[in-house]
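Structures for review follow.
Look at the two complexes coming up: subunit A is in both, with subunit B in one and subunit C in the other.
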Partner chain A sequence: MFEMPSGAEIQSIISTLKSGAGYFIPELYLSALFMVLIILDLVLGGRRKTILASATIIGLLGSVFFIFQQHALPDTEIFFGMYSLDRFGIFFKYFFVLTGILAVVTTMADEHLNAQESGMGEYYSLLVAMVVGMMMMASSTDLLMMFLAMELVSLSAYVLTGYLKRELRSSEAALKYLVYGAVSSGMLIYGFSLIYGITAQTNISKISMELAQHGYDPLVMILATLLVMAGLGYKMGAVPFHFWSPDVYEGAPTPITAYLSVGSKAAGFAMLMRFFFVAVPHAVEGVEDMLGIDWITMMMFIAAASMIYGNVVAIWQKNVKRMLAYSSIAHAGYLLLGIITMDQIGTQAVLVYLTGYLLMNIGAFYVVVLIANKIGSENLDDYKGLGKKMPLAGAALTVFLIALVGLPPTFGFVGKLMIFTALLGHGGDLYMWLALVGILTSVISLYYYMYIPLNMFLRDSELNAEKDFKTGMMQNVIMTVLMLLTIYFGLFFQPIAEYAKYSASMFGAVLN
Partner chain B sequence: MLSLIVFLPIIAGLIILAVPASQKQIIRIVSLLAAVAQGVVAVLIWRQYDPTMAGIVAAPGGSPVGSFQLIERLPWISLDLGSFGPLTIEYFLGVDGISITMVLLTALISIIGVLSSWTIQKQVKGYFILFNLLSTAMMGCFVALDFFLFYVFWELMLLPMYFLIGIWGGPNREYAAIKFFLYTLFGSVFMLLVMIGLYFSVIDPLTGNHTFSLVAMASQENYVPGSILGPGSAMWRTIAFVVLFVGFAIKVPMFPFHTWLPDAHVEAPTPISVILAGVLLKLGTYGMMRINFPLFPEVFQAGLYTIGVFGAINIIYGAFCALAQQDLKKMVAYSSISHMGYVLLGLAAGNSEGMLGALYQMFNHGTITAMLFLLVGVIYDRAHTRAIDKFGGLASYMPVYAAVVAIAWFASLGLPGLSGFISEAFVFVGAFSAPTTRPIAMVSVLGIVFGAAYLLWSLQRMFLGKRKPDAVYDIETDAHGHEHIHFHDWTGKLDLDARELTMLVPLAIIIIALGIYPMPVMGLLTASINKLVTVLAPVAMSAVN
Partner chain C sequence: MEMFTAIGLNHFLTISAILFSLGMYAVMTRKNAIVILMGVELIMNAANINFLTFSKYNGGMEGVMISLFVIVLAAAEAAVALAIVINIFKTFKTVDVSSVDTMKE
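Moving on, here comes the complex of A and B:
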């Protein structure tokens, strides 16, 4: 039974919260933004969607300032070890804010979504809520907090997925997402509860110490590990926890698809890295023998399965969003390759890969939105001959897709290069085989990615409709900037790689 | 200087980007100017080049750039990888005898390519932007001395080529384009893994850091013992060699990886065929000489026989396939496979004569095949068909064309006095003098006979005799009783016009001149080839192990 805390204890709790709040400013700021956006929508009464969107962008940009200030603060755990402020978390804070901004930019371009009768009120505030949730996923150091953060992301995402209320596709996607999400959350929390049962701790570094010192029942630990992996795998969209993603990606409004495919996936990876590197003891002597938590072998299988399944099944897709969904499953596989090496280079590679993935995947979805505006379809067959009508969009999409294949000189290549460098640098036959699988599947991926430029440039349109295919000035600028950045960072990736290394160094001695 | 020659086309491409698509003539002229400027720079480089310096590899303890010339070396990317030390990637360009030959060839073929693209009417702007991008990538490959940089240029070639075949190609272009892309990518992704493996195995002797420099990789002293591709790791070194070899062999293309080539050639427009056969195929054998062999000399020595056998298969199989073709372009494409077989055979000889012949053959094949494809293009423009059987007796109606065809055809079959003869002779001298390849060379000689067969037979069927009953042209008799022929819907000059002559005559002159006096090109190669042979020699290896 709980005892009522004494007055002094309450005082100390309050003072801890107060002192912790100083390390929690970006999250607080964004929560405030969430409410401001709701009020703003009420004031505007559903008119002037551009104002709401601009306010979101400006608000998100404002948070960059607060995140930047956090660089000056020392690494600390706040709120009784529930939450951590460190460079790893800060990296992801920037990452999610950028993802959020690009998602809003993509939303602004989507005519279909903006033409909705019900307005865009909650849309932007939920989007911001998701940014907060993802930030918290990346920074939580406590099982409870991790679960809460993940639920915040999931709940916002369910609503956003079903935002096209009048469309069966969208509602169906939201329902599927919800059902799968609920099951995975259940598994995750069950796994967490088992871990808590073994260790009597919820803070991940304490769990690690407890496991290393007192040992555990391997059978229970295997079960707990599998359950946690299932919960995280669902967020990352890795095989065999991927079943939701093609349907959800296809049905959701395209900007949300882009947002989920990058943001939510990256948050899953951030949480996996923190949990896996910190909570699972591996810097301790003799732990390699503990069969109970052989995470690495498990993740090797998941990675290989994701790369093969995602890339092979994508070949048969006829809908561009569905195709990109399968491609995102494959990318989860490549990202896992960086994690299993369990070293600095691998972690750095994952962060670089994610940054590249952010640019090229959202870029690709942005062009998909622009094209859907003109042809009202996301079917690959309707892309025929579009290259002539929308040359810039065609060129940009080609660059993004080439980057997704991982060809130089694009950012996607840098990500793959670093992942494979980490694998080969790690050495060991299994890692070589995984590198081979990665390399071979990326050749397969060329086939389906190139199917889009093939339709756009090599084939002629069957429809001769004289339509206006001009995109707006602003849209052209955004496409061009994203395209040039994808190429620029493919050639000069030093700053990003260095920042990623700095962020990855947070794990310190945990990694080799 | 080298940067200039590499990036001139891309600058032209950017200018073209700013020109409105309707200004076709301006776009063409800008491209031509860039190609000519590239040619001028190539000549300047040639003048400046000192053929006595060998290149290939840096002497131990000497300068890290070795005796390469026109060096440009800048730090590009430097990342700290913790326990692996800094990851340094350099912008490192330079030439030696092997690369300068290819630079000259590329510059020449680029000019020919632009001229030959003059008749392209569809989406001219996009075409020339891609063409210039391709041109930069090719040139970059030949002068890059940092493996990473080489890889970037190597992959950069794929996309423009894909679109150039895919958009401007023939009826079955989609298939040909994606086949080309997948085949080459399949070869090159493994190169990526080997590149990373090499990076971890090689130390720059001056800085003590790992490096991507091909110069450092070429000397076995720089390999770290115990590293994945270091001395003693025989299994991985063999695998790496084979994987690299396959990657380059796909480009050559070597049997059994050749099937993309006939498809690509048949569908590609004439200028792209010219570039493909003239330059791109050489990248395969160049890669072998620059990267594959010197980095793994002991595996190369062990594989001489196998490489030679594949060379012989290429020669004879290519010739047989060519013999069976009805489509003139397909015949020329298979003749390319056959002729690249001589290059492989020369390399497999492993001695100076063979290597010299191989490299010289690369240059000569570039010029001769360019001519062959141009000539195929000429007749295709007029007749809209390339079926060998749909002609007959053309020599009397198109005498100039027939004469130029004769030069090219005879050069291709290796008639003495034309450049192809000298390189093939060297290849055979090399192959016969090396004990390993002697039996292979004896079989390969048959290839010359079959080569003569398909070339002479096609010449006879198309140009000699009388008009075939189902020929694609009509014969008209004018008032003076002279016979003229008339192609359906061809309004231009019947025989070669000025533009076509501008492309063909210089090539013909080069082929004849280098057949009589090969020293201008041969002189550039000898020092480097001799050095390469010593680097590859078994003695050099045993000293290391």
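Moving on, here comes the complex of A and C:
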């Protein structure tokens, strides 16, 4: 039935692979780094954790050089349409490397995690593996590659979540993350199999062509859509698929919580945007006769539900990490608002918002780690009176939380402003209502975010232990830099906004 | 009568849909972590049957290739999953997911 390829065909396949590898250098480099870190840990024998961490940071910084060189290459598809190189992908490569570096920095500050008996060897290599996986999620253009990239991220993330294996909370978080993750990746691949069945193609731009030319059965398409949405919604932590996130965020080691809340969420959004803009733009309006469900309406519901649920439930939380988990559900809702406009301004707004979210969310978790080092707890009640003992940490956390609310003069304000501008610029009643929901829920979020500074600065501590609350020099510098960057980009956001606009171009997608 | 004698596309798709539903049912109703993971395997294999069927009837090799990758990934996922479940059993002395619940709302 299938013929064996001839020698000449094999030669041409090999030469295609060779030329494709030239467009794949950052990923190859980081995969090599992954292996080097494992060997380095073996050589060091579990001692000298700072050397391993510094090697990871230097290695990740080295990849920036290779990513920078990709600007000179033309936008193209490589490896027989499995993978692509475009400005959108390059933006996310920078983004994930930066997230990885900040996660390592946060890990170095975490005394509890570093006191682990079993060492930190696999920790950093898995962290790098996750960076590679997330980069591939943002650039894959084939159903198979998308699934593989997503599983690479998931499998590394399960292990990292359960890294404190002697602790009940960490193991429990890993189990919950695993169960929900495995089910949703199963649903994703089933959805992909239906799409393959309808179109007989696996490359997303070919799927799009096939759907436009030959049409499709609306019922099957809706089913496939729902299943794919379930798989991606799990990564993004949007509402009907969010059940894992509060427990996982609370139980995982705090640096991993920070990493998951920014990195894998952004990767989910990158993949959603590529899939949604390239593969199924024709499926957006065609299926309205079927129960009125199409991609856009579905995402509108998910966005509104995420914003309302995340912000309202966060009010009752007593644990800071859990509260930030609900806040990250709400942020997934805001980010979806930028995607449903399906135009260049919306995409630009999402990229800017993600950059701001990276700085402020990792910054907030960094301060949470520093405070947990001193008081050994993440409960809101234990934060009372801390503002006087740790003034810099208090000030930094306040700035990050103001940015998360979206108040000027911080980066968070710029992101929200751009999202709402894109939404209102798109016109239409529904979009107007969504913007209204977004603004009202932002007001709700003000309450629970500001509850932390209230406890820190205006209430007195019940336990007045004469402890040393001084943080290290390096930690102060990192905290200050993150805080100043959050404010600086809130005032001078032009360069980031322009780079995001330049990056809002995807291989095979036409955005207006 | 032909429906019962000749096996066609519909038969394969029906079987895969049944497998998928059984998998979802196991995931939603069972409390034992191992049985939940078995449910996930059913879901993955339902997708595999779909890929192979469509590959046969669409006439390409992509489906066969994807299903090979899915099998490998399912094995990798099972390895990680069982490691986590063993760790849960060591710390909690049970693999019942409803009793592994120390964090409160």
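As a working rule, the second predicted complex is superposed on the first by the 492 of 512 C-alpha atoms of A that agree within 3 Å, B and C clash if a C-alpha of one lies under 4 Å from a C-alpha of the other, contacts with A are read in each partner's own complex, and residues count from 1 in each chain.
Going forward, a residue touches a chain if its C-beta (ideal position, glycine included) is under 8 Å from a C-beta of that chain, and two chains touch if they have at least 3 such contacts.
Since the model is a prediction, treat every value here as computed from it, not as a measurement.
Undergrad: Looking at A:I296, would you say it contacts subunit B, subunit C, both, or neither? Reply first, second, both or neither.
TA: neither
Undergrad: So in the superposed three-chain picture, is A:M209 touching just subunit B, just subunit C, both, or none of them (first/second/both/neither)?
TA: In the superposition, A:M209 contacts neither subunit B nor subunit C.
Undergrad: Look at A:L155 in the shared chain and tell me whether it touches subunit B only, subunit C only, both, or neither; answer first, second, both or neither.
TA: second
Undergrad: A:V64 contacts which: subunit B (first), subunit C (second), both, neither?
TA: After superposition on chain A, A:V64 lies in contact with neither partner.
Undergrad: Between subunit B (first) and subunit C (second), which does A:L417 come into contact with in this model arrangement: first, second, both, or neither?
TA: The first partner, subunit B, only.
Undergrad: Is A:V220 touching the first partner subunit B, the second partner subunit C, both, or neither of them?
TA: neither
Undergrad: One more residue to check, A:L430. First (subunit B), second (subunit C), both or neither?
TA: neither
Undergrad: For A:E172 in the superposed arrangement: first (subunit B), second (subunit C), both or neither?
TA: Only subunit C; A:E172 stays clear of subunit B.
Undergrad: Over in the complex, which subunit A residues touch subunit C? Could you list them?
TA: 2, 143-144, 147-148, 151, 155, 158-159, 162, 165-169, 171-172, 174-176, 178-179, 182-183, 185-187, 189-190, 192-194, 196-197, 200-202, 246-247, 250-251, 316, 322
Undergrad: Residue numbers of subunit A touching subunit B in their complex, please.
TA: 343-345, 348, 388, 391, 398, 402, 407-409, 413, 416-417, 420-421, 424-425, 427, 435-436, 439-440, 442-443, 446-447, 450, 453-454, 457-459, 492-494, 497-498, 501, 512
Undergrad: Over in the complex, which subunit B residues touch subunit A? Could you list them?
TA: Residues in contact with subunit A: 77-84, 87, 123, 126, 151-152, 155-156, 158-159, 162-163, 166-167, 173-174, 177-178, 181-182, 185-186, 189-190, 192-193, 196-197, 199-200, 228.
Undergrad: Quick one: which bits of subunit C touch subunit A in the complex? Just the residue numbers, please.
TA: For subunit C paired with subunit A, touching residues are 20, 23-24, 27, 33, 36-37, 39-40, 43-44, 46-48, 50-51, 53-54, 58-63, 65-66, 69-70, 73, 76-77, 80-81, 83-85, 87-88, 91-92, 97, 100-103, 105.
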